[in-house]
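Just below sit the structures, each encoded as structure tokens.
In what comes next, subunit A is part of two complexes: it sits with subunit B in the first one and with subunit C in the second one.
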Partner chain A sequence: MTRDVLSSKEGVDTHEVVPFVKDDLPPKVAIPWSRYRFMQKVVIPWAFILPILLLHALVVLLPAIQGVYYSFTEWSGFGAAEFIGLENFRRIFFEDTDYGRALGNNLLWMVFFMTVPFAMALFAASLLSRVKTGGLIYRMLLFLPYVIPSVVVASIWRYLLSPRFGIGAQLSNIGIQGLDVAFLGRTDTALLSIAFADNWHFWGFLMVLFLTAMQAIPTDLYDAAKVDGANRWQEFWNVTLPGIRPTVFFMLMMVMIWSFLVFEYVWLLTQGGPGGSSEVLGVVIFKNAFRRFDAGYAAAQGLTISFFASIIVLLYVYLRKRGWDI
Partner chain B sequence: MFSRNRVTFMVGLVSVLLLLIIPASISAQDKVQVTVWLNDDDLGQCVKDTITDGFNAFSETTEVNVELQPNVDDTLRTALAGGAGPDIIPVDSPSSGQELGRAGLLVPLNGYVTQYGWDERFVPWALELGRVEGELYTLPDSLETLVIWYNKTLFDDNGWEVPATLADLVTLSQTIADAGVVPFSNGFGECLNCMGSLPGAFINHYAGGEVMYQALTGEIPWTDPVFLEAIILLNDMVQNGWFNGGTDRLFTDSFNTAHVTLGSGEAAMYLDGSWFNPDYVFGEDAGNTNDYDWFPIPTQDGEEMYVTGVGAAWGINVTSEHPDEAAEYLDWAFSADAQAERFNNCNFALAPIRISEDAFAQADPRTARIYAAYGEAAANGNYGYANWAFFPAEMGTAFDEDIQEVFLGSMTPEDFLSHMQELFTAAQADGLLPPLPAR
Partner chain C sequence: MISMRRWRKRGQNTFINHFILILLVLFALGPIVVLLFNAVKNNAEIGRNPLGFPEVIHLENFGEAWEKGQFGKTVGNSVFLVVNTVVLELVLGGLAAYGLARKQPPGSNIVMFYMLVASTIPIWLYLVPLFFTWRTLNLLNTHLGLILIYVALNAPFSIFLLRSYLLGLSVDFEDAARVDGANELQVLTRIVLPLTWPGFLTVGLIVGLGVWSEFQIALIFVQEPDMFPMTTSFFKFSDRFSRDWALTSAGAVMMIIPVLLLFLALQRRFIEGLAQGGVKL
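For the complex of A and B:
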């Protein structure tokens, strides 16, 4: 982290900040493998990890394998499944317009959550990082929505966005017109309104993560930047952002993956309506599995989400292997 | 330390207590234990107190243990998929029951029908909903129909009369709207996918029960002009703003808001099911002096007709070790006395069984009148088919969702019905049509 920032600064000897040189390590010495070491290095660690591994296999791995199997079948969700090969996937990619529309909504959701909460969180964290007195109270207040259950948040925002009772209606009562709109009842605003409500819940969490990362940046970097005459924006762009880059990129990757898993707020607020305009893949899968009794098809759709998530993870790993500092 | 008399007294007291407790505990252990799951809400608790506890006091051989679940439908689905679940299974709809029956997860009930005479007790068309390929798997519960609830005080004050035909309803709605009142207060903000009740009501009451039967058996297509006219009529009423001022509030107001709007007099009518209890939004406790009543959804020719449907069903888990005892409980739960008690104490809709007028003795006369009127109309063949009970699953889901697009203008009524026909044809080809008793 520090080398590429500091190497651009004249007079800074980067060798001073490198903690050690590889050639100074002592030569490797072979150690006899005793029974004691076998217990210590193999048996005991595995003994500790085995229970949770078995639980993981039972609760995560096995259902995942079953999901893959059922994706190749016609299955109502009950009883026996009939193997139908790739028919479900053919339907997804060549027939099902609902899937395409939902995928588009997930991508829109992803773009929203890769920008809006990140911008808000970075801005707030950057401000809070300089607050000495009372900073904890601000952090708590901004983090508070994250700990409220999603059902409660959805209920709150259903009323806040209501054209009859909500913020728009109250503003209209005092003469500010134009906002008493049925945000959740219109095809052009429903999805973004849900995203807005979810963002209210989520961005505080992101802010706390970024703030923690910011606090790990050595203060002498900011001192050096000030000496060079950097203003607040230049400090943020040249010191803060590079300093928290791994955290930012990691959260970008997670948000991309989570965007394909969104379900609860959409279901709580609109169930994918009106007219399917806020339908996302999670809702489509739920309806296929539990309303249309087409669980095999729903499993196939779920598998496509795993595929998209895998692409994102592989991209991240690839970039890291290429030397990207993320 | 203790006197001899005191010790004797205590030994005697303990002996008496043991004599009282032990027989009761032995008795409880002798009874066969079966389980049933109910929703963990006021209704579930009331059903437990009214039906289950009553059965446990009555039966000398069987004891039913109630487990209240936070979301019984989802919990049950997971349990059944894993080969577990209670002995007595509540099913959220007849179509779900048919799926469970097809999957071999429920005990066939034909033998119990003969043993308990359920074919005499249940209304035939309702019992048929639980059949798959001739075998009965579920017993129907919660008889449901659709009516129009209205603010009677508002009607009386304005001289508005209950409409006899659909044309009268249109005229009345225009009159109400001209008076600055919202004709219908319906709001589906909490459940957009419940909106299917509106087109379901209109196609039934516009086309009539006989035509609905023909469509549900595939004799005529869903694209028939009579259905198109019904959907166009409904859509016109929505576009006129007669349903809660338009799609904005139709799509966002909660059920509670819709009810309050009716009670306050801001709206005049509310198209909903027989399950609705308007008491809580009318009268002093609700902050108004209004009264309510209901009238049947009008038909084209003015003949009284009611959509028929059931909202739930009950079956026996195929993994149950005590199916006979579970059937014994179901027989009790669906007896006239138990149903009357549940109806009066829990405000839970009656099961579709033959029942005397005494069952309604404690009920609100307006609610009792629904069942009486509906029963009479049904006996005369004037009944239709609720979309949530008689449509195949995929068609029913699309029916609820696509109508939203019609109201929003992104789908034409023609395309809506074409899609329904497509899904109906597919369900028919796959043998997934719900059973439909002959008229």
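For the complex of A and C:
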């Protein structure tokens, strides 16, 4: 289609078809940068993009920049912030024992979530990828807990982990003693119990991601493995796992980052207790900012989380650049 | 003989597969079933029979929970938040995705890069200053304040997903409409939307589910009980009646029934949308 054909068509404003014609012209032909084209190519598209971009900047970017600034100040959230240099960070790393304990809990959380849900999800997905009938039903039922709101998940597990009504009490009724304890009320079990409840809700999501990735592995790789006499474990280790490696590594990175952000389940189930034993960084920051109104200090603690998260992202990007197939 | 043995082995394998998968399904559904059971027991029966099947169905739990948990008010609040967030997200996110996928104005790569990087910024970096910004703007304790935050936080996911749907649609349909004299808005509403609605439905479902379940931001930004969505209200309610398991279970069930029905009806779209969101971000 040429410009002549179109412009000779009656009733069509040539301006209307300029962007259309451009695609069919050889790329080197320059069209005059008219005011009209500027409207079409720059102003109107940006008018589409800007509203949500500005909103996002107002909610995320601007406060993030402010957060970096407030990290170096003492600020109650009211009035002016007083610049105090690195004092907040000195306090975080040399004085604040709550911070250290919370960071330890985040790392424990990370270890839990990099192992338990991954093992469960890999195991279930590799079983499910072989199931010929009912696969979609299993997928739906195993995924179901992921759509339950966190407040309800917390309520369910507060019940199931209680010493009076929960699973432990039932086990002791049928003779298995020792598990009817207040899992959420003991310093040694609280954090792991919260992680367990969160994982009940989370692992099905991970399973679906792995299953989707597994279904994209070419079947002739499995046929070749069979011809070579591979058993199920060898098949999993040499075909399935390499086939979904990018998904696994990406999700490992995401889980590592999420482990620093965790707040909801801890707040819902123990609010950090008993005695701070299940306190994570999110809870510490929440209390500093909104209970003690030590907002500058809370911002500094938030900045340390960003630091950890960016190390994880940079490591991931670096490994990919180095040619790791992840 | 060999083929017989292989057949038997395969049958055994399938049986073990299903057996283990059923155990996992029981682990996933058991707690939900216990919740449903407790919602229709009374407390005396929960004491006698904490995990088993209910002997007598007590439907009055729901009415009592509705009253004491002020569900009449909070359901309305949550529905208001969900509807407005979803509509605003689809309009603003759809416009941006269309601009990025079709027009590709100078700088659109930077926008995509910004969205990608911004979605990895930890919430704890911006949450505290955002709270005080919202206080200055008088957006604390308002539904508008929550809606704006929800729309912004869901923007990267929505834009990426809608953009990929738009890139999958041939540009010829739109050009044909333009030749016929349609303006940009008409192209968007008459051509693009009818052809890419599955993408919009997916985004609407995922964002809607997220807002319905959202707890952390609502907890921080809305402290006025009249404005509570169901999540923070339920949390206060289950704290106040923490020994009344029949009552809190009935309240929890009322909260998850709409989610479960919608999920069962549209599970493919839910699962695939959430899976895409998780991987793309």
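The working rule: the second predicted complex is superposed on the first by the 275 of 326 C-alpha atoms of A that agree within 3 Å, B and C clash if a C-alpha of one lies under 4 Å from a C-alpha of the other, contacts with A are read in each partner's own complex, and residues count from 1 in each chain.
By our rule, contacts are C-beta pairs under 8 Å (C-beta built on N, C-alpha and C of every residue); 3 or more make two chains touch, one makes a residue touch a chain.
Since the model is a prediction, treat every value here as computed from it, not as a measurement.
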| item | value |
| --- | --- |
| Subunit C versus subunit B on the shared subunit A, clash or fit after superposition | clash |
| Contacts of A:Leu319 with subunit B and subunit C, given as first, second, both or neither | neither |
| Partner chain in contact with A:Thr187 - subunit B first, subunit C second, else both or neither | first |
| Which partner, subunit B or subunit C, touches more subunit A residues | C |
| Touched partner set for A:Phe290, first subunit B, second subunit C, both or neither | both |
| Partner chain in contact with A:Leu252 - subunit B first, subunit C second, else both or neither | neither |
| Partner chain in contact with A:Gly282 - subunit B first, subunit C second, else both or neither | second |
| Touching partner for A:Gly77 - first (subunit B), second (subunit C), both, neither | both |
| First, second, both or neither for A:Leu61, with subunit B first and subunit C second | second |
| Which of subunit B and subunit C A:Pro274 touches, first, second, both or neither | first |
| Which of subunit B and subunit C A:Leu108 touches, first, second, both or neither | neither |
| Those residues of subunit A which subunit B touches in one complex and subunit C touches in the other | 77, 164-165, 290 |
| Subunit B-touching residues of subunit A, taken from the complex the two chains share | 76-80, 158, 161-165, 181-182, 184-187, 270-276, 287, 290-294 |
| Sites on subunit C touched by subunit A in the complex | 13-14, 17-18, 20-21, 24-25, 27-29, 31-32, 34-35, 38, 46-47, 50-51, 92-93, 95-96, 98-100, 102-108, 111, 114-115, 118, 120-133, 135, 148-149, 151-153, 155-156, 159, 175, 178-179, 181, 184, 209, 212-213, 215-216, 219-220, 231-232, 234-235, 238, 245, 248-249, 252, 255-256, 259-260, 263-264, 267, 270-271, 274-275, 278-279, 281 |
| Complex interface listing, subunit B residues touching subunit A | 74, 77, 80-81, 99-100, 102-105, 189, 191-193, 247-254, 257, 393-394, 397, 401-402, 404-405, 407-408, 410-411 |
| Subunit C contact footprint on subunit A (complex, rising order) | 6, 11-12, 16-17, 20, 41-42, 44-49, 51-53, 55-56, 58-64, 66-68, 70, 77, 120, 124, 127-128, 130-132, 134, 138-152, 155-157, 159-160, 164-167, 169-170, 200, 204-205, 208-209, 212, 232, 247, 250-251, 254, 257, 260-261, 263-264, 267-268, 281-282, 285-286, 289-290, 295, 298-299, 301-303, 305-306, 309, 313 |
